[in-house]
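Next, two complexes with subunit A in common: one pairs it with subunit B, the other with subunit C.
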Partner chain A sequence: MATNLEFIKSASGTSVTSLSVTDCFSADYDVYYVSITKTDVTVQTYSYVRFLDSGGSVISASEYDYAELGLLSYGSFGENKNTGLTAIQHIDLSGTSTAQGIGNSLYIFNPYDSSSYTFTAGQYSGHSSSGMAGGKNIGVHKSAETITGLNYLRGSGNFDSVTVNVFGVK
Partner chain B sequence: MADDLKYGYKGAEPTQSFGNNTGVFDPNDINNLIADNKWTQFGQLELIETQTVSGVSFVDFTSIQESTYNVHFMTINNIDVSSDNADMNFRLYESGVLETASVYQGAYQQQWASGFVNENKSTGRTFLVANASTGNDTNETGQSYHYFYNLGDSSKYSFKTGHYLQLYSDSTMFVGFGSGVLPQTSTVDGIRLYSNSGTFSATASLYGIRYS
Partner chain C sequence: MAGSLIKIDEEIVTSAVASVTLGGANWDSSYDVYMVKINNLKCDVIASPYARFTVSGTPDTSANYDWADKVLRTDTTFGDVSNTNQTNFTEIFLSTVDTVTGSAGNAIHYLYNMNNSSEYSFISFEETTRRHSGVLFGHQGGGVHTVAQACDGIQYVANGQNFSSGTFTLYGLKK
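Right after this comes the complex of A and B.
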């Protein structure tokens, strides 16, 4: 039965440096939608994402590439990109006010397929101390292995509170 | 539901929630659990309303169920404007009052098939961008999709991301993608889609993403 989005799992944390959503990927879906709408952070900076391997451990090897076009209401747009990183960077950006975080839609492709890299494509709207800060981003985990979950973290500082929701796309 | 046999259990009742329904259910049980948002049923992209309009200057979505959905998704199809290069924009209702002040912010990257690229951005607009300049000749139409975030959360700003494409007045295709925000901690309970010049025809569908 075609059922469009199927809710899989939600995870929340308070006063954490990162949040893992475990066992959210499976053979049931090839494409996943991740919504992040509730973040409250201690430092104004970008968020990153990493993945969990088949044993549930965070993959922190230098196996991630990303590229983002940063979209600022108050300044010039900028390309941010790099390869061989320990996380996919620039998933979103928000300031330290509770009101400023956030709207983030992130799609993840083929995480559970052990013969494929895992790809991401996302868009977000956040708010810094200067104004609206949005972006459109892509990323890849360049290791063909089974990915079972994700780890959402900050480039600096902590989450005072955070919630991540994962859906399968049918 | 049967008071002495809730979901097939006597004594302590199991906690019912999405993905964790336990017991024997009759149709009334299921209906009650659906009403309480505790029944496991897939299909979390839920159509709220589709409106097909013609010859109007605006269309309002006023029953957006903002307390149910953290994320709303809108598709706009076959935008046909009466004025050449008219823009399609959004304004938001805060507790029933349309916000028209220069308080919206946005940033959109736009690229023409001819190669021209520009940055469409502002820190003080009266609108959020839906679609940009669309020609009014035959087949010069616009299409787009948009995500809205935290509309019903009065502790958060109301954010938007989206992607739009259309044919310009010289029939050149151009695309835009980007982000916007209403940086006010308010309860947004309605969305207006309008043309900044003349009238338009379009089909717009608003969805809610449950558990988002």
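Right after this comes the complex of A and C.
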């Protein structure tokens, strides 16, 4: 039986500051599911995402907004939000221990539509040195243009290893 | 995400309609969990859409809808929204949208226990919308229809206005 959740592409990297998944968006889908199940990082902090334009270049202009509800097992829940940034921030959080990976599920809406903005909605569960850290987040790239891929990066430090999987919701 | 998504129904809005119904005659009762994808939804003027389940293809408007959610937004403190015994899921699925540049509603909804006549039907939702005001906005939460009955779809209503464009797609989550 044909299904409507279709694997498109996977990308991996080691000892990188960011990871781009190129040419993963197309006119074949309007909504995408991104799965990130394992990262090893050098600095305990948040991860960000930004997008690649029609030429495959990273869009780093100040045209991203985000809002995130941080869900901590060891402290008060947090409200994080900002506008006019160079990336959608706070899409996950992980610590530096090898065991402290993450599970990140992120939906991306309408990236390839040149007449609409690109939106994200996601949730993640991670682990910092203090305990479990999860979150619910939304974001937008405020430019109506064709987006062909994504760039996953850290707020600071590097990925020792990282894998990103992209699926189309047809 | 275990399993696979099987498309059951889809409505693509290209001209003004007051509501959209997924399921009904197209409903496939062979799934335990369903997913609805809503993308790039716009209304002809500012509107706050709502939703309700259908029974035998007809919207159930009984006052038995409860929900609770967190409102994420970029302009001010996040909000807590909840209500009980309402006639629909109001202002939790999609924020106000219209045709202003960049204003659009996008959401993922999961529907649970829709086919079980001895249990309530549930919904969980996540939304990412740029409102007519330009604020990034989204509801994250869940709801329940407190009637033990089988449901066969969901209706989205533009709440006195019209949907002008957007796509609604219903999937079954195959085991």
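We adopt the following convention: the second predicted complex is superposed on the first by the 168 of 170 C-alpha atoms of A that agree within 3 Å, B and C clash if a C-alpha of one lies under 4 Å from a C-alpha of the other, contacts with A are read in each partner's own complex, and residues count from 1 in each chain.
Just so it is clear, a residue touches a chain if its C-beta (ideal position, glycine included) is under 8 Å from a C-beta of that chain, and two chains touch if they have at least 3 such contacts.
Computed from a prediction, not measured in an experiment: that's the story for all the values here.
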Inset, instruction - Please indicate which partner A:Leu5 is in contact with in the superposed arrangement: first for subunit B, second for subunit C, both, or neither. - result: both
Inset, instruction - Using the touch definition from the top, say if A:Ala144 reaches subunit B (first), subunit C (second), both or neither. - result: second
Inset, instruction - Report for A:Gly126: first if it touches subunit B alone, second if subunit C alone, otherwise both or neither. - result: first
Inset, instruction - Check whether A:Lys136 is in contact with subunit B, with subunit C, with both or with neither, and answer first, second, both or neither. - result: both
Inset, instruction - Kindly classify A:Gln100 by the partners it touches after superposition: subunit B alone (first), subunit C alone (second), both, or neither? - result: first
Legend entry - Which superposed partner A:Leu69 touches (first subunit B, second subunit C, both, neither): both
Inset, instruction - Based on the superposed arrangement, let me know which partner A:Thr83 touches: subunit B (first), subunit C (second), both, or neither? - result: second
Inset, instruction - Would you sort A:Ser35 into first (subunit B), second (subunit C), both or neither based on which partner it touches? - result: both
Inset, instruction - Go through the superposed model and pick first if A:Asn165 touches only subunit B, second if only subunit C, both, or neither. - result: first
Legend entry - subunit C-contacting residues of subunit A that also contact subunit B: 3-5, 35, 69, 105, 123, 136, 170
Legend entry - Sites on subunit B touched by subunit A in the complex: 18-19, 42-45, 70-71, 105-109, 119, 121-123, 147-150, 153, 155-157, 159-163, 177-181, 183, 185, 209-212
Inset, instruction - Could you pull out which subunit C residues touch subunit A in their complex? - result: 1, 4-7, 37, 39-40, 70, 72-74, 77-78, 101-102, 104, 106-108, 126-130, 136-138, 140, 167, 169, 171, 174
Legend entry - Residues of subunit A that touch subunit C when the two form their complex: 1, 3-5, 30-31, 33, 35, 65-69, 79, 81-83, 105, 107, 109-110, 113, 116-117, 119-121, 123, 136-140, 142, 144, 169-170
Inset, instruction - Would you mind writing out the residues of subunit A in touch with subunit B in their complex? - result: 3-7, 10, 35, 37-38, 69, 71-74, 76-77, 98-105, 123-127, 131-136, 165, 167, 170
